[in-house]
Every structure is written in C-alpha cells, then in structure tokens.
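For reference, the structures are reproduced in the following blocks.
What follows is a pair of complexes built around chain A, which joins chain B in one and chain C in the other.
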Partner chain A sequence: MNLRSLKRNLNINLDSWLFISIILSFFLLAPIVTLFTSLASQNIDTFIHISKTLLPEYIKNSFLIALFTGLFTMVIGVSTAWILTMYEFKFSKIINVGLILPLAIPTYIAGYVYSGIFSYTGIISRTARNIFGYNLNLDVMNIYGVIFIFTFFLYPYVFIITRSFFAKQSLSMLESAKVLGKSDTQTFFFVVLPLARTAITGGITLVIMEVLSAFGLPSYFGVQTFSTGIFRTWLTLGDTDAAINLAIILMGLVFTIIFIEKKSRGRRNYSFSNTKIRPINKKQLSNKHSVIAIIFCMVPILFGFIIPLMQLISWTFMTYKDFINYKFIKVIWNTFSIAIAGAILTTIIAVIISNTSRLKKGKISKILSKLTTIGYSIPGAVIAIGVMTFFIFVDRKIFKQKVFYGTLFLMVFAYIIRYLAVAYNSVESGFDKIGMKFNEASRTLGYGKTKTFFKVDIPMIKGSVIGAMILTFLEIIKELPLTLILRPFNFQTLSTYSKQYVDDEMVQHSAIPSIVLILIGIIIIVFFETINKKKEK
Partner chain B sequence: MSYINSANLFFRYINSIEDVLKNVNFCANKGEITAILGESGSGKSTLLRILAGLEVPQKGKLTINDRVLVDEEIFIPVEKRGIGMVFQDYALFPHLSVEKNVLFGMNKKDKKLAKKRIHEVLDLVSMKEFIKRYPHELSGGQQQRIALARALAPRPGVILLDEPFSNLDANLQGRIRNELKNILKTSGETAVFVSHDKDDLEIADNVMILYKGEVVQTGTPKEILESPKNEYVRHILGL
Partner chain C sequence: MKKIIPFIVLSAGLLTGCFKNKEEVKVSSETKTPKATKELNIYTQRNYDIDKELIAEFEKETGVTVNVSKAGADELLKKLEIEGKDTPADLFITTDAARLGRAKDLDLLQPIKDKEVLDLVPANIRDKDNYWTSFTYRARIFAYNKAKTDPSVFSTYEDLADPKWKGKILVRSSTNSYNQALIASMIAANGEESARKWIRGLVANMARSPKGNDRDQSKAVIAGIGEVAIINTYYLGKMIHSADPEERKVGEQLAIFFPNQDGRGTHINVSGMGITKYSKNIINAEKFIKFYLNEKSQSRFTNENYEYPSNKNVAVNGTVKSWGDFKIDDLTLSELGKNFRKGTIMADEEGWK
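Here is the complex of A and B:
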C-alpha cells in the first residue's frame, strides 16, 4: 500500500467525530485504569490484611443484602406487573404510576425516615407508649432494616422492566397454553415466567447494582458493606491502598454479576419474533377481587412512598422555619447548577459518542461506546476514588501544584463517567428510531457529517436528547457517595445537606432537603410516565 | 466515453465473508436513463450506494464526467460528489416543510435565485401548491415527487433512484413511471435507478442485469427482451 492509498483510507476511516470520541473515551476511562495501575505499586501485605480482617464481613453482608433484596424485589415487582398487565380494576391507572414513585425517594433518605419512625421518639413507639402503655422497642437499624428499605424502594426497577415485557407479550401464547389444558396459575409459572426471565433478571441486576453501590443507607444503619468499607478505609482509616483494593474487588464483583446475567440468557430465544403479536385484552375484576388487587398493590406504595412522604411532611412542619434562609437557597442553587452542568455535559458527550458509533461501521467505535458506558455499573464511591487518584496524579506530575484537586470540575467529571450510560441509552434510542436514511439523504444533498448532525439529526432526536438530560439530572441530584468524596470544602448539595443533618442527630431537619429532592423526582417520573403512555398510544 | 464509468468494482461488507459486488463494470451515457435490474441480494442497491458515495468499495475505479471519484488513492465523499439521490422511502426531512426540503441542498447565497429554482422544480413535478405543507401531510406519490424535486434542485448532473416505484400501489405505478420519465428527460439529467420489477424497464434507455454481484447482461430494453442471455434473465423478465 503506497502513501496515497494510506492517506485515502485514513481520510475515510478517521474523521473528527472518531478523533474526538477517542480523546473523550481516553479521559473517561483514565480514572478507572488508574485504579488498576495503582495496584501494581501496592504492597501485597495490604491485600492480605484486608482479606483477613475486613473482607469476610463485607462479603457476607453485601451478599445477604443483594440476595434477599433481589428475591423480594422480584416477588413484588413481577407480581404487581402481572396484575396490572392482565387485569382491569378501579384505580389501576393511578396504582400503575404509584408503583414507580418509590424510585423518587433515594434509599438513604428512606433510611433516615424509617429509623425516625421506629426510633424511641418515633410515631410507632410513642403511640404504643402513650395509648397502650407498652414500651415497644423496634430496631430497624440492622441488616434486616437495610433489606426492607432496599426492597420497598428498589422493586420499581423490576416492576418497570417486567411490566413493559408483559405488555408486549402475545395473547396467542397465553391462549395456546390454555388450549393445551393449563390453568391460569400454570400458564403464569410455566409459560409467562420463563419467557419473562430475561426482563426479570435484567431488573434484578439493576437492583443488585444499586444495592452494591449504595453507601448512605448501610452506613447510617451501621451495616458494613463494600461501599461503606471503601469510605471507612479511605476517610476514617486513611488507607488509600486498602480503599483502592476494595474498590477493585467491588468492581470485579459487579462485572461478574453482569457477565453471569448476560451468559444466563444463553442462546435461548425469549422474544416473540416468530409469533404475530396480538395485544392482551385486560380482564375486568369483580368487586371482591378488585379490593384484593388494590390492597396487594397498595402495600409497596404504602411502604415505599406514602409512609415516608407523610413522615417527611410532618417533619417539614416541625422544622421549616430553620430553612428560610440564604444558606438553604445556596444549597438548592448548588444542587441545581452542578446537576444541570453535569447533565448537559454528560448528554453532549453521549451524543458525540453515540453519533460516532452509528456513523462508523468498524469495531473501534462500538468498543468505545461499550467502554465509555461501563461507568454506570461501577459504584459511585469507586468512580470517585478513581477520579481523585487520577487527578492527584495529574496535579503532581504535570502541574506540580493543586489545579484540579478539590474543585467542582472533579465532581462533574465523575458524574459524567457514572451517568454517561443513562444519557447514552436515551440518545441511542433516538438515533435508532430515525435510522440512517435522513442522514444519508442530507449527505447526498451536499452536507458533511457535522452539518448534517446539526441540521438533520439533532432536530429529529431532540426529544431523546432532552430526555437524556432530564434523566441524568435526576440521577445526579440523588447521588450521594460520589458527591461526598469529591465535593469541594463547604460545598453542599441537597443530598449531602440532608446527610449532614442526620450525622448531627437532627433527623427531622433532613426532611426539607429530602422533600425537595423527592418532589423533583416525582415531577420527572410522572412526566416520563405520561410521555411513555402517549408513545404507546 | 460514457458519462458514468466504473471498472472492476469490488465490495464486501465488514465482518462478512460474502462478496456483494465482484468486479462490476458499469457505464451510463449522459442524459440517459439506466436501469439496474436484479433480484434482492444481487448487489444492485449496493452498486447504487457506491455510485452515491455511501459505501466505499474495496477495489475498483469510478469516474463521473471524467472526474475520478474512486480509485486506489482517491475517495470523494458523498457530500462532495454533487449527485442527487431519491431514496426508496423518500427520506424527506419530517421537521421541514416542502419548501425547506427542496431548498436544503441548494446554494442559498442568492435567495431570489434559490426561490426561483424551488418554484421551477416544484412546477416540474406538479407540486407547486404543496409548497407550505409538511411531508406527513402528503400522500406516497406526492412525497416521491418532492423527493425528486429535492434531488433535482441543486442541478446535480446525475440522479440516482433506489426502487423508485416499490412504495407505490400498483394503480399509481404506471402513471408515476411515465411522469418520472418525462421529468427526467425534461431536466436533462443522467439517471440511474435500481429495480426488481421488469415493468420499470419501459422508462429506461439502457439496462444492466445483476446476479449475485456479477453483471449478467447489458443492453437496451429491446435487446434484452428479445434475446435474454440465460435462464436467470428470462426469469427476471418474466419470460
């Protein structure tokens, strides 16, 4: 191959989109790679010490929490999704939205609320003492309490994915089972559940990933897990090497789970590609059965949304006077500004990488898109440590002084790594919907890739782009461990502010920052639910 | 020398072991309409996409009006070829009106001139009164005419049409076929279209028949209909 042929091939294969994507991917992956490279310089004794002292407890607790939360969220998520897909009853539409609302409440806030409800001065103990004269001592601040809260606040992940799968299933499939003599129950267990396996395990995987990366709740309840262990070794014991070791083990654990989930799908086909899909006609339930269905579906809404919200509102009335000040406005401003900056930058990067991936047919762009979106499966604390380690290295080796360390830039950078997948998936679905034909039409009319992107692609996927920004915004305002590690001195967001009150034993005061967070979450969830309903119609 | 010339075009998709085009030689004369006929999987759409610049052949040479677009050392990207293309499903930009769709590929420096040209091409395709409409407010046949007007507006020199009649109902196909021929002949453009339907031959000046990535027969419709080279050609022509 001569020089001119080489130049021709380079011109065809390497353009500014790929170039920018490679550079972005390099920076986004650098902190994660830094974690691994730092292992090489570590003393093996550190690891041996960890594996003897801390690891057994972290493994045991994390395993038990993940196992039981996974199991319970599956039971609640699948059963409610099935009832709402198959049956029509009073309030079913409201319940449908209500079952998603627990997602608006971060688990650490749920932890503050339930510890308050069950504390000595909480409503349950007080009522038992004052009305029944009974000294009730209910302790939820243990591993069972952690599992209880994770279950009632994370089951929507299983519910949403399974519900959408059930909604797309074919009536013919169910009718075939019936014709073959199977009862409703047998059909559910032997036809529907095996078919929905991919959706259900997908939902449970998300739940387990959330459980493993959660820091606020287990930390507040005094249950030692990987995430709390990373914090303890990093911030309390000051042992950076041990924290990095734990972070890598946790990352390995998460990847193993994802790998097992992918492998478990195997070559079996769980789609309906060979069957013409006839949508399900919902069965109208009798009054008696409607009441049972309503009660059944209301239990998770009650524990996962209504009770905590009521408690927070009651605390809000007790404490609101302490929040009418400039400091609180500053905290809201901090939260919004950092989340907006993070959401916009994350979405821009997601759009660039996603567009490169669809324009380039080769393997490089596909690998780039896969690699840059792995951040969502890495716990926030791990990313925070990776980002910090990387920028300390950059400051020391390149600038010889503190340039990045302790700045907001680090926070935003870490948010981008953590939530790029959220924005990417939304943008990618927009690109998938429009396909390549409009892009190609524009190119034949004389517009280059970039001009086409701005004139044709962006106007056509703007809904997905806005969706990506809103979802990323929601994730960022709720984020706790990453924010706690990376925030500059004295910089508070709503999540860290509410945690600070809890740390100071002023749980009631955590209500107002929490309720602001939850209200934003509710607005966003209801907004998306409405949009999805319109799309389905 | 023909207006469009390709020699030994070879193409295979990434990660595929099957050759889509095997050393295809293709030519088309200026101002004429050339049809590429073949079954699905014969490589006809890929050949059209290579002419447009939407695919990069691994080997071969392509020139249009003596300008080298593809060879071992040169590859002119699609946006710099000045070729108009009408896509199978028209690909009209849904967020733009008919007027803006037609204006899209034109030089917008002289607004008066651009406006005049929009009216000219819309008049040519008999769609002047639909200028303010959006694509979703048009029927399939109307959308096709707008797609043609959009491709013709920048005076491209070559127009490529991908299965131009496949999205139309049978009743409409005959009428649109004649209209398209008139429009192309009036505009004086060199046109290449791909099709799997023998009825489309009636508007072509020349025909090339492809089978599994290879050229089986070329000639005028009359020549091919009168002496089909083999069983495959006979089958394609429904003889």
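Here is the complex of A and C:
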C-alpha cells in the first residue's frame, strides 16, 4: 500500500460522520446480537419438531400474506396517488387527506373491529337475523381476512410515497410522451410507472416488512405466521434456540427483499436539477368522471376508515361511562410524550446514518445503514427481550446497579431499533430527490461536510425529515408487543389499555382508548398534510 | 447544529421527566428493611376491572403503594427469568395453573408462609408445597344451545373424539393456555398415547378451523356452526350480563354441561399467585394474598366476575350457582406444569391449530 492510499484510508476512517454512525449502529445492533449469543446450547429438538409440523404452514401463510398484501396495496396506493396527482374534482382535497387516515388505525384494532362487525352478534348478522329472519354466517377470521385488513390499513404507505414522487416529477417527461402521441393511459403505464418504480417498491417494502413482523392481527385471527411462530416457540415452549432459528430465517427473507429492492433502485438517477419544479397542471374532470373518481377513491377510505370508526363509535356508546377519569388523561399523556421522544430521536439518528451513507461511497456505511433498518422486520417482542437482556447485562457488569433497566429509556431505545427503517426510508428518499449536486456545489464553494449538511441539505429535505418524524410517531403510538414487555410499572399507553380489554374478551370496552388513539393519529396526519401543502407552495 | 438543539433538548427533557418519575419509585423500593416497606410490585396477567378496584382498596386499607405491570403470562415469566435476582416483582399473578407450575419449576417463586390463609383454600386448588395458591377457579365445560340439544348426548371430554361428533365441535386454538392445560390434564389422566389419539379425534370432529376466543365459540353454537363449544364458565356469566344486548341474547340461549361427572370430574383451572423468589416486599405480598382471599374480595370475584371463589367459606354467585354443583377433577393442578409442554407439542403434531 503506497502512502497516498494510506492517507486516503485514514481520511475515511477518521471521518466523524462515519464514526458517529458506526457507534450508533453498534448500540442499535447490540441487543439483537445479544440474542444470538444465547444460541450456544444448540439444542435442536424443538426446531426439528417445528420444521416438521409448523414451518411449512408459517412459510406458506407469511408468503401469501406478504405477496397479496404487497400486490393489493400497490394497486390501491398507486392508482389513487395517480388520480389525485393528475386530476382536479369535487372533494379531491378532502379525499387526498382521507386516503391517509387508515394509517391512524392499528391493524390489530382493525382486526377486533372487523371480527366484531362480522361476528354472530355483529351488525351484519344481527340485521339479517332480526329484520329479515335470515341466518347468516360470515367469517373474516382467516388468512383472507388478514390480507384484507393489511391491505386496507397499510396501502397509505404506498400512496404517500408514490404521491410525493409524482408531485415532484418533472413534467417534461409527461409532456414529451403526450407530444409523441401517447394517451393518458399509455403515459401512465409506459412512462410514469417505470419512473416511479423505486418509489413504489419503497412503499411496498415497508408494507411487507410491517406485515411480516405483525403479531397481533394474525394471532387474533388464528393464522400462523413466522411472527406468531417465533412468539409461541420462544415464550410458550420456552425454547430460545428454536425461536432464534426461526427469527434468522425471517431475517434472511427480509434481507432478500431489501436486496431485490436495492437492485431495482440501482440504475436510477433521476434527481431533479433545479429547485423549482413546475407543478403539474391538474386536469379538471367532467361531472361524470368526477363521480367515478370519487367512488373509486372512497372505497379504500370506507373500508380502511369510515366503517371501523363507526363500529368503534357505536361500542363507545355502550361503555363510555367507565372512562371518564383523570387516569385516562394520564394514559393519553404517556402515549403522546413517549411517542414524541421516540420519533425525534429516531429521526435524528436516521438523518445521521442516511447522510453518512450518502456521502461515503464505501461498503461499510452501506452495510451499516441496511443493518440498522433490520429492526422493522423483527417482531416487537423479540426486540423487547433483546433490549432487556442487553441492558440488564450493562447494568450488572458496568454500573453494578440498576441504571437503565426498568426506565422508559429502554422503551425509547427499543422503538428506535424497531422503527429506524421508517424514518430512514423517508429521509433517504428526501436525499435521493435532491441528489448530490447542491452538496457538491456547496463543498466546492468552501463549506465543510457538516456545515453543508446544516446550511444546504437539511433546509432542502426539511419536508422529508418532518415526514419521517410523523410516520415514526404514528408507528410508536400504535406499537403493542414491545410496549407491553418493556413499560415500567403502572405505565399505560392507549394501545396497552385497549389491548387489555380485548384480552379479557371485552372488545366493546377497547373502543374508547382505540378511538382516542385514532384521533391523535388523525390530528398528526392532518398536520402532516398541511406541512406538505406549505412545502409545495 | 443550532436547528436540532431544541429537538434534542426537548426529547432529553421528556426523557429525564420520565426518569425522575421512575426514580421516586426506585428510591422507596431500595429501602431494604424487609418489614417496613410501603410498596408492592405485581406482575400480572389479570387486569379485569374487579382487580383494579380491589388493588385500589388494598392500597387504601394498608397504605401500601401497589405498582402493576400487566402483560401476557409467558412474557412475564420470561421477564422474571431474565431479571433473576434483580427483579422488582414481588408477586406473580396468572390465570393458568400450568404457568404457576412452570414458575415454580424455573425456581422463580418462594413458598407462602401464612398457614392460616392457605387453609382457606382447598388443597386441590393450591400448590402442594405452597409455592402458589389460587384465588378463583373456573371449569372448562361444554356449552350448547338449550333449544336444540338434549344434554343427555354429552358424557366426557374423551367422548368428543368419537366420530359421532364429526363437524360439531367448536374450540379455540391450542395456542391458548386454557386448552394447553386441558390437554395436560388429559395426559395426566389417560397417558400420552391416549391423549394423542384424543387430540386426533377431536381435530377430526371440529366444526371449523380453530379461531377467535371463547365468546366466539359460544356465538358459533347459537349460529348453528357447531353443536358444542368448549369454554370457560365465567364467559357465559359475562355474556349474560354483557353491555351488548345481542350478546345477552346469545348468553341466554346457552346451557352448560359439566363433563366427566361419573369419573374423575370436570377439568378446572385457576387464577393464582405466588411470591417471587427475590421479592423485596414479602410482608406486603403476604398481606395482599390474604386480602385477595378474604371473604369480601372473594364474594366480589364471584358476584362481579362470575368466577368460583377459592375461599371455601364464600358462597358462589347466583348466576354461577344456577349452573349447578359439580365434581372437580381431583388431579392436583400442580401436575399440569409437567405435561403442558409435551401436550402443546402434541397438539401441533396432530394439527390442532
């Protein structure tokens, strides 16, 4: 190695951004690594049992759910995003916000609600029986029901990311296509879709990761997936080795998906080259077409938001008396404050790691950035136990007394591991859009990396950063298994509050905490939309 | 840098705010004179409204501050295991004797010393070495539609494996602890091979793939999807007194059959509690057990939650009483812990989802 390359290497190694990123990644990965060290005993009896009896079912169900949810969320998310980007019609502004609202409802609550609606005492069967005298047996508690719910409550991920991509698209390509004689439909399929491919796969990847790690909905519906399998093997059968083997298979799957997504992004390089993007002139739809557009867009809002909300409201009327007390306000405050802290810290870390990975072309930073987002695909309970084990170890060996364990710090730390991917994806797409041109210009003009970051990059990706914070906030207030395990004594959040009633088979009582949770979500989403609007102006 | 400083300050502020809260609790827990503590930390799987109310009453009566951490039984057990001697928990409460047995086997509990309190509870519903005691119990029974089914067709759990029940049995998943305990009791009563055959027969007779909770099984009986549902007694009580009129209707159409009355008796399971091995507030834990087992608390469990009280001096609630007296399976509940892992694996192998 000659002197010059040595110097260059040193330069890379001493880079403070990379250094901070490595430290952060180390801490975020430590709890997960801690779990793997318990693999030492190598007792594989249970794993053999599971491979023979349950594994095929786990693989089949997880695969089908991921495949169809991915497909359906793509169809709904992309089509609605396109309609709202290109056309102007009555109520289109309200619909634009309405299409994101399903994100405010946790999928497990959607599960309780839909099983309630379709149950024997639910609104549909009871109407059929009491009014028409007809005995109707409906069933949503199966794999189709799981796919249905994941689709209608997770498509907003695809919608948001695709819509923001469409909005930022340079009009010239669309115009060129038009000039060359392509119809709207042809333009959409042959120009827009290939261009938007990266945004769409980004959204679908988020959906699939969320689906693979989800526990509440599939377990309530009795559908066995990897996530329910890991939980059962580990906690019920008490077999750590077998559970970790399952988790490794699951992570392998997720890495494959991420790899495919990266590959598909690989050749793209369409960052915009000036700060002013010409907004697309929306086409005013005729009355007849407006009606079609409204009906089309209302379907997902109806299933993903209006129907479940109405069911919850009707349950609220049965049970509201039990909730009017100051303790409930404390619960709301807990939910809110922990989610704000978690969202801000997660986003800051996402920005640091994402910026490092952008500035460093080397392998290390790329690998780190991917590793730290793996938490999104690991079931919350697994992360929780990893974090617990790690901090008990730290407290015992380093501090010789309880410092971290039993505090809210553990919860926030676990949220960061779990949701870094969400913040990271949003921040990264912001960086992608501005490309390196402005950064390079600034550096050429004499600003350092850090100064450029604060003076040039951050102001340009502000929208994405706020978006990252809001998405993470939404995820955290909805989170359940991790919160249940790590929360300190007497610490209730809205999600744990509603969960305990469902556990006790008192679904109606879970309505009020659920509704408040959803209201907070709605406020945040509307806030998000207003900021987006401002940004566009 | 300037721009993120407010964020960092804000989030750090929120966090330290939270820490502070926690430290207050910790300081009091570290006063290590075992007799004078003013605190009790509970890990519980149960959090019915009745539990919350009784805990509040206990606090008022004794001046002890009770801290509650509620999660699934398996998660709590894992927590106790990982925390080891550092656990803050004093009491472990769960709704399944098999889990209590497992806690004992994992060396996470210590014996309860107050003999006077233990004597209130019949020996078959507490641990033989006093590592835990139940405070309520309930039976796992058959629920059927009064108008459609004559109870003379029912006899035993074993009978449900007979092909005559094809397409008629409703039961929830074997991932549920009530079913795991039932399977464990079948192993204890009839041996492994016979229990395996029973599971196989039961699976073949199921009206549908297992899903939903116990209330869903009862509703499916009234909906005519199957003829008999295996459920816990108190769910019927709760449906009869539900906030939802349509659920009340379902509850009123159902009747209960206690299986195996001519043999070993009906399988029961308990809500029970044990003091953790590393408890720092043993006195308060003993006090709490005594409080949960006193006549006032016990009659509230049966009157408001439709459970059977463990205290033998307390009368059962009217609704519960109307189901009739029954013979309890006298297999000591302490044995369930031993068979439950085997039974769960067996259920997997035989396709009980």
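Miscellaneous remarks
To be clear about the criterion, the second predicted complex is superposed on the first by the 343 of 537 C-alpha atoms of A that agree within 3 Å, B and C clash if a C-alpha of one lies under 4 Å from a C-alpha of the other, contacts with A are read in each partner's own complex, and residues count from 1 in each chain.
Definition applied: contacts are C-beta pairs under 8 Å (C-beta built on N, C-alpha and C of every residue); 3 or more make two chains touch, one makes a residue touch a chain.
Because the structure is predicted, anything quoted here is derived from the model rather than measured.
Touch criterion not met for A:Ile364: it reaches neither chain B nor chain C.
Judged by the number of chain A residues each one touches, C leads among chain B and chain C.
When both complexes are overlaid on chain A, the residue A:Arg487 reaches chain C alone and has no touch with chain B. Once the two complexes are overlaid on the shared chain, A:Met141 sits against chain C while remaining clear of chain B. Once the two complexes are laid over each other on the shared chain, residue contacts for A:Ile392 go to chain C alone; chain B is not touched. By the document's definition of touching, of the two partners only chain C reaches A:Thr407; chain B does not. The contact surfaces that chain B and chain C form on chain A in the two complexes do not overlap at any residue. If you check the complex, the residues on chain C that touch chain A are 1-4, 7-8, 10-11, 14-15, 17-19, 22, 25-26, 41, 47-49, 67-72, 74-75, 77-79, 82-83, 86, 88, 102, 172-173, 175, 180, 208-216, 219-220, 222-225, 235, 238, 243-244, 246-247, 249-250, 341, 344-345, 348-349, 353.
The touching residues of chain A, when paired with chain C in their complex, are 46, 49-50, 52-54, 115, 119-121, 125-126, 135, 137, 139, 141-142, 219, 221-222, 224, 228, 232, 234-238, 318-319, 322, 337-338, 340-341, 344-345, 348, 381, 385, 388-389, 392, 395-396, 402, 405-409, 412, 450, 454, 458, 484-485, 487-490, 496, 500, 503-506, 508-509. Residue ranges on chain A touching chain B, taken from their complex, read 2, 4-5, 7-8, 11-12, 361-362, 437-438, 440-448, 455-456, 459-460. On the chain B side of its complex with chain A, the touching residues are 14, 52-54, 56, 72-75, 77-85, 87, 89, 91-95, 104-105, 150-151, 154, 160.
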